[in-house]
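Below is the structure I would like to discuss, written out as structure tokens.
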Amino acid sequence: MLIEKKLEQMGLRLPAVAAPAGLYVFTKRVGSLVYVSGQTPDINSELQFKGVVGEDMDIETAQKAAQLAGLNVLSVLKAELGDLDRVKSFVQVLGYVRCAKGFEDHPKVINGASQLFKDLWGQAGVATRMAIGTNELPEGSPVEILAVVEVE
Amino acid sequence: MLIEKKLEQMGLRLPAVAAPAGLYVFTKRVGSLVYVSGQTPDINSELQFKGVVGEDMDIETAQKAAQLAGLNVLSVLKAELGDLDRVKSFVQVLGYVRCAKGFEDHPKVINGASQLFKDLWGQAGVATRMAIGTNELPEGSPVEILAVVEVE
Amino acid sequence: MLIEKKLEQMGLRLPAVAAPAGLYVFTKRVGSLVYVSGQTPDINSELQFKGVVGEDMDIETAQKAAQLAGLNVLSVLKAELGDLDRVKSFVQVLGYVRCAKGFEDHPKVINGASQLFKDLWGQAGVATRMAIGTNELPEGSPVEILAVVEVE
């Protein structure tokens, strides 16, 4: 449980895993890859952040939202794997930022999640990435993050 | 041909596979995975639904559009595999909804496709998923759906 | 170096690989797949194209932007593999077009990259694909392109 100890030392905790909101599962494993469904910054199915980045939400707040979405990625991975130490590498992170016209700093926002993965796994936590804008996200979430990870 | 029999019992049929509209293929297999190109609700290359969800199209209509896009996913999978019974599991479904400002119900729309896959394959048809908004889709389609499936 | 010879004959050259702008890597290999991060039409970290397609940029210009983003896909693949001849097949191309309201020709824009891959690898360069709209991309880029390729 080394990764979870690190999380604790960072003052962070994994949100409980809620039931999926619809016709999907949070994770699916194929061979050595685990695919993770789009995660938003919610706790117990309640969004903790809502807004349009660059309009009624600043970058720093959006980074915190991205970090929480990233923590939800970790929660569902733990439910799949039993122990986060079994994650070998983050392969792909797709990040969407609900943003105002003219907003250009999507990478800075998604860094809120990427920094978390790097702090916990070092260079193995640094994935290929996309960080782009979108007009709307479910329930008005400011960010949504998907991941594909390689596991032992 | 068990899956196709179920489809028939549900009163649904697979659209014919049209020629790809551009410089892409509908499917590509790598190992046990088949990647499927973005599918829209068209029949014989003609969109059957066109609009902006939450503006000039309601959720129920958009769900039917998503179901038709899902049927096109199945059509191209059949062309790749010969028999849909060879699909073992739906791994990832990415759904985009062309939507109005303030629209929040993307998951409900994409459920139109996810329900189809679940009805046909049970829990193996339930994938990891993303369902988000976008400002515009090709030809004014209200939805576009991609998939990655595991095959035998 | 057959692929690079073809590139030269086509009058094209690979941009230098810049340092990643943030907390990501340009490529990651898992088994026979290489995932490539979202690429924009930049040279030495400077965007060469900026705009909204269908508003202040026409399709032909956007296709050139997509081709340059595609060249950056090749540059980072070369850095990963040493030799582009080791690319066996393009599996998935995801293309986002920053576009005006009512724009419908996303596939034509992304063809700028897809044509490049096809010219170099023939049918093996033709991937499954998504080509859709988005309201905003990092730094105001008109296009962003991701890829998953199969390697020897």
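Just so it is clear, A, B and C label the chains in written order, and each chain counts residues from 1 on its own.
Operating definition for what follows: a contact is a pair of C-beta atoms (placed from the backbone, for glycine too) under 8 Å apart; a residue touches a chain by one contact, two chains touch by 3 or more.
Being a predicted model, the structure only gives us computed values, none of them experimental.
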item: Intersection of contact partners for chain A and chain B; value: C
item: Fraction-based call for chain C against chain A, same above half, different below; value: different
item: Intercentroid distance (Cα basis), chain C paired with chain A, Å; value: 25
item: Multi-chain contact sites of chain C, meaning residues that touch two or more partners; value: 31, 134-135
item: Of chain A, residues touching chain C in the complex; value: 31-33, 89, 91-93, 99-108, 111, 114-115, 118, 126-135, 148, 150
item: Chain C residues within the chain A interface of the complex; value: 21-28, 30-31, 35-38, 94, 96, 98, 134-140, 144, 146
